[in-house]
Amino acid sequence: MKEVELTCSATAKEPSALRLVLTLGIAGLISGFILVFVYQYTAPIIAANKAKALREAVFKVVPNSAYLQELHYKDGELVRVADESGGEKVQPGEILYGAYGPDSGFMGYAIVGSGNGFQDTIRLLYGYDPVQRAVLGMHILDSKETPGLGDKIYKDADFVSQFSPVLVDPSVELVKGGRKADNQIDAITGATISSDAVVKIINNAHQKWDDKTKGAPPKFVPPPPPKEKEKDGNE
Amino acid sequence: MSVAELVGTFRNGVHPHENKEQTENFPIARMAFGKIFTLPLSQHLGAPSKSIVEVGQTVFRGQLLAEAGGYVSANLHSPVDGKVITIGPRRHPRGDLATCIELEADPFSTQTINASPQNDPMNMSTDDFVASIQDSGLVGLGGAAFPTHVKYKLPEGKTCEHLAINGCECEPYLTCDHRTMVERPEAVVRGITIAAKILGAKKTSVGIEKNKPDAIAAMQEATKNLDDIEVYPLKVKYPQGAEKMLIKAIYGIEVPAGKLPLDVGVVVNNVATMTQFADWFDEGLPLIERVVTVAGTAIARPANLIIPVGTSVREVLDFCGLDMNTQQVIMGGPMMGMPLSSLDVPVLKGTSGLLAFTEAPKGHQNTLACISCGQCLEACGYFLNPARLAKLAQARRWDELDDFYVNDCMECGACSWVCPSSIPIVQLIRTGKGALRELKANQQA
Amino acid sequence: MSATKSYSEEFLKGIWKENPVFIQVLGMCPMLAVTNTAVNAIAMGVATAFVLLGSSILVSLLRKVIAKPVRISTYIVIIATFVTVADYSIEAFSPALHRELGAFIALIVVNCLILGRQEAYSSKNTVGFAIVDASGMAIGFAFALFCLGATREILGFGTFFGSPIFGEHFEPWVIMALPPGGFLMLGFILLFFNWLEQRKKGAAV
Amino acid sequence: MIKKPMQLLLQTSPFLRRGITTPRLMSEVVIATIPVIFAACWYFGLSALLLIFASVAGAMLTEWFFTPKKSSTQPSNSLLDGSGLLTGILLGLTLPPGMAMWMAFLGGVVGISIGKLVMGGLGQNMFNPALVGRAFLQAAFPTAITTWNPPATSPGSLESFTAIRESNLAAPFMQSSTDAVTTASPLGLMKFEHEPTPWFDLFIGNTAGSLGETCAIVIIVMGVIMAIRRDFDWRIPVSILLAVAAFSAIPWFIKPELYPTPLGMLLSGGLLFGAVYMATDPVTSPVTPKGAWIFGASIGLLVVLIRLWGGLPEGVMYAILLMNAATPLIERIAQPRVFGRGRSAV
């Protein structure tokens, strides 16, 4: 590029410090204004998107569910995260989701698990029924597995459908050449390591939550509808 | 049991087709004298000699024509009875013009030499001996033409334990040393006796490659009553005739880089030089003629000929029946010799062979990419990395050549011979050496 | 700078003669990472175009105000602003796309193409020319991304804009869907452009 | 008759040449692959020929397309030196028998273009072109290249020779892995099932694997012949095999039930083929004798590491490619000691 000026002109007077501060100040001010405006406008939409994505995932792994609420384990029982008023914030890793049917009846839990795959960390969500002691469904949230091979853990419908349901006792087991028992998953040919990772993640997550989900599930408390409306009205 | 009998050679090296059968069984013959003799004043290593004759002066065979121009220089004698016709520039086999004394042979002379034996060398002091050899104009007859007397003047503090006599003749085609050993073993032994006496060498070793069984037999026969001379049959391998390789082959000693054989107590001489000692001291014959192998595909009657120094190459080749379609004429051996651009150049003191070919060796024309096969490394007697040197030279990275010891290279040509991609490695190394020398000179200036 | 330059010339140079990817080899990071499908490539191209255009206009407007010693910092602030705007907007309106492009949207900040245009052009030209130059460069960049993305999608997934073109038995070239495939493909495309160039030269001789 | 003045050639010494040229060396290696090709046909039938043909075609066509034409009548050197042909054959021999022909062709194209031509042609390439082609195929078609067909049940019979695998003939861009009969390679069996393969089967080649790598005996014999003819540096295969034997013996002594025997390591997978035909590529291996030892031993170590503890059952290809990259470095530190000097200072 011929236009590039390689050196500052030596004859030009060195600008004052005030000028430098002013320049950056103006740039920062303009930038700030734009960002505040954009953030104001997009933040609720982004939040709504995220919530919607999560809901969809939960409803997928717990079939026929229609409502969900965030739960966490406190003082020997699972309680709603929403009940925490002013208390310490709950870490995302300590949250699981209770899924409820259209009649507000408890359908199962949706649990997030993560662990090492073939390439990178795999994050997944699985539905769990503490009564049947079975995984109801599995959905990969995040993975960078090899396209065409490892990515079959979410692209291959046959593999995914094996998780609805699969028994967790004594543990979910990976086998080759077809599943023979209700706690078995048939590995994807050529992607044994990725399949194994999925099964391991579920087993690990189950170990963590097994005892905590043995008690009675908390009741579904529908969110107060007027508040939502108010927000919508503001827009 | 010596190291030589166990090993019998040096490490690495190559074995080109010997091609000696053309001449190895013919006795040495004498070529008829020609008309014109051209004698360059510079036909040895070192300073050119200085002419002491005038144009028109009549000279006789064996008469001194030019005196040594310095310590590292040699005298020059007339090979014929005749008349000096010019002293001026003539074509040198190197290709350039050099000052030469041109003689016209006397057509009526019998060309017999009227010389008398020198003093008894066995009773001479070293200094007298050295002066005497310098008078004889003797230079190394193996090819480099290094004035012989220099080797016999041992520097202060150095002693010579061993005298190594080089009868390898590892260059293909050449058989002049071979025939000399077969036909004049007693002259070789006489020379060795003189040399060993002067040097004070305790033992003399004659290294001969095993492809010359008759020469080995003749030398063994001639030395069977002499305890201090031993004949070593060596494995046939090129470049075994190189001084340091020969020392390694016979004694198993590596001469340190940049040092002389004398630093490990060895003096190396060619067999032909030994016969010259005998001729000079016993008959008074200075170096005015030598045995030359004339061979090659373009030669109808290959031979080993005694040829007076200064004879025109054209006369020699025509005498041996030169083919009309000759493509290449080489003075010396095919591995280290020099190509002639013209046949009208004289035979020199260092000329061991004249080879003429109807076609140039194949594979020279197409240089291919280096595939790093490493064969040049296995050929190099000095364990250099010729491929790397050639690449550096080609890339003109002269200063890096020194890191890979380019100056240790003796340019034997084994790497070029072996290269499957026909890369002119030696040529590139020569170029690199020259450029490096220039670079260093400039840096010092 | 000569006064005779025309708008059309300034516009076209970015698309072909000084194409940011094929000729200047700029902006390699997004180029290699997110061009595994045509859609991703175009989205990245549009996002970059938005940032480039926005910051070029602003820089050109402020070119008399910006003090020389802090100009680079100022450009970065301006560029970062537009990148954040683009980031938020994509996340709000197309979460799926945002997930695909991931961190590479934020990395537009360090795309040397954008900073390069500010330093080399917008800071020295009027708004009109800055817009024309930025549009040309942006289109050139997007075009290059598209070439790469389309080829990689066809080879890596057997689809074009998501619709299969080879039928169901297509064997995907896995590597083309991975970042190394970007390197390979870019190499091949550069090879192709050089080959074209050489042929043109050859024809001219 | 007028005597024509002689035209004397002026060259520098030496005036003799050994007469063994690079194309001749290449063709000797090509000839040395013929028994391997024959063994491949014996066990895998016509598929072997089809795949080799396809990869050779890919390699040669690319070479021809990109090589500057000197004149219309005289093809340029690089096409005739046999290196492209050799690359094609070697690549073909490293492919599984069920691979699609179009993939083999593509491998040849990539191997020559990226592996050789973009680096500046023969002698300039850093990586073995055949392995570059195979690495590309491995990255692009990981399923197809690890799908092994079992060898013919009655090797050498006419039916098993002419029975072409359908997957070989897959149309360009289409899947090749439709063949139902697949099996695991000996290395895969050992790694994932801890099930060793009888060494005699490995020795004669009656196992699943790439076309050229299964029959150990043929490769060993050809390797010995080539080493005697000095077509390559014998130190490289010898040091690779010694290193593999040595390094794989250690874990085997500790846990014989979990790790393969050193003999099994030597005979299975592409180790012998890689050591004899791939690692010995002169261009991409060190020229110095010391360098050859370092190069070979490092390959052996890497092979053992990848095979026993890596994610893949086989590691010969990556081991060789990695050491190819290290070759200039090795050459730098492994200069030979110069005659009459102490340790080389470089």
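The chains carry the letters A, B, C and D, assigned in the order they are written, with residues numbered from 1 in each.
Assume a residue touches a chain if its C-beta (ideal position, glycine included) is under 8 Å from a C-beta of that chain, and two chains touch if they have at least 3 such contacts.
Just so we're clear, the structure is a prediction, and the values are computed from it rather than from any experiment.
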Chain nearest the overall Cα centroid: D
Cα-centroid distance, subunit B relative to subunit C, in whole angstrom: 72
Inter-centroid spacing, subunit C versus subunit A (mean Cα positions, whole Å): 31
Between subunit D and subunit A, distance of the C-alpha-averaged centres to the nearest whole Å: 47
Gap in Å, rounded to a whole number, between the CA centres of subunit B and subunit A: 88
Residues of subunit D whose C-beta touches two or more other chains: 142
For subunit B, residues contacting two or more additional chains: none
Contacts with 2+ other chains: residues of subunit C: 174, 178
Touching chain combinations (by label order): A-C, A-D, B-D, C-D
Touch list for subunit D against partner subunit C, complex: 100, 103, 114, 118, 136, 139-142, 144, 170, 173-178
Contact footprint of subunit D on subunit B as seen in their complex: 14, 16-17, 172, 244, 248, 254-259, 324, 326-330, 332, 334-343, 355, 357, 360-364, 366, 368-375, 377-378, 381-385, 387-388, 403-405, 408, 411, 413-414, 416-422, 424, 426-427, 430
Contacting residues of subunit D [partner subunit B, same complex]: 3-4, 6-25, 77, 81, 121-124, 230, 233, 282-283, 285-289, 292, 331, 335-341, 345-346
Complex interface listing, subunit A residues touching subunit C: 1, 3-5, 8, 12, 14-15, 19-20, 22-24, 26-28, 30-31, 34-35, 38-39, 41-43, 45-46, 49-50, 53, 146-149
Contacting residues of subunit C [partner subunit A, same complex]: 1, 18, 58, 62, 65-70, 73-74, 77-78, 80-82, 84-85, 88-89, 91-93, 95, 116, 119-121, 124, 156-157, 172, 174, 177-178
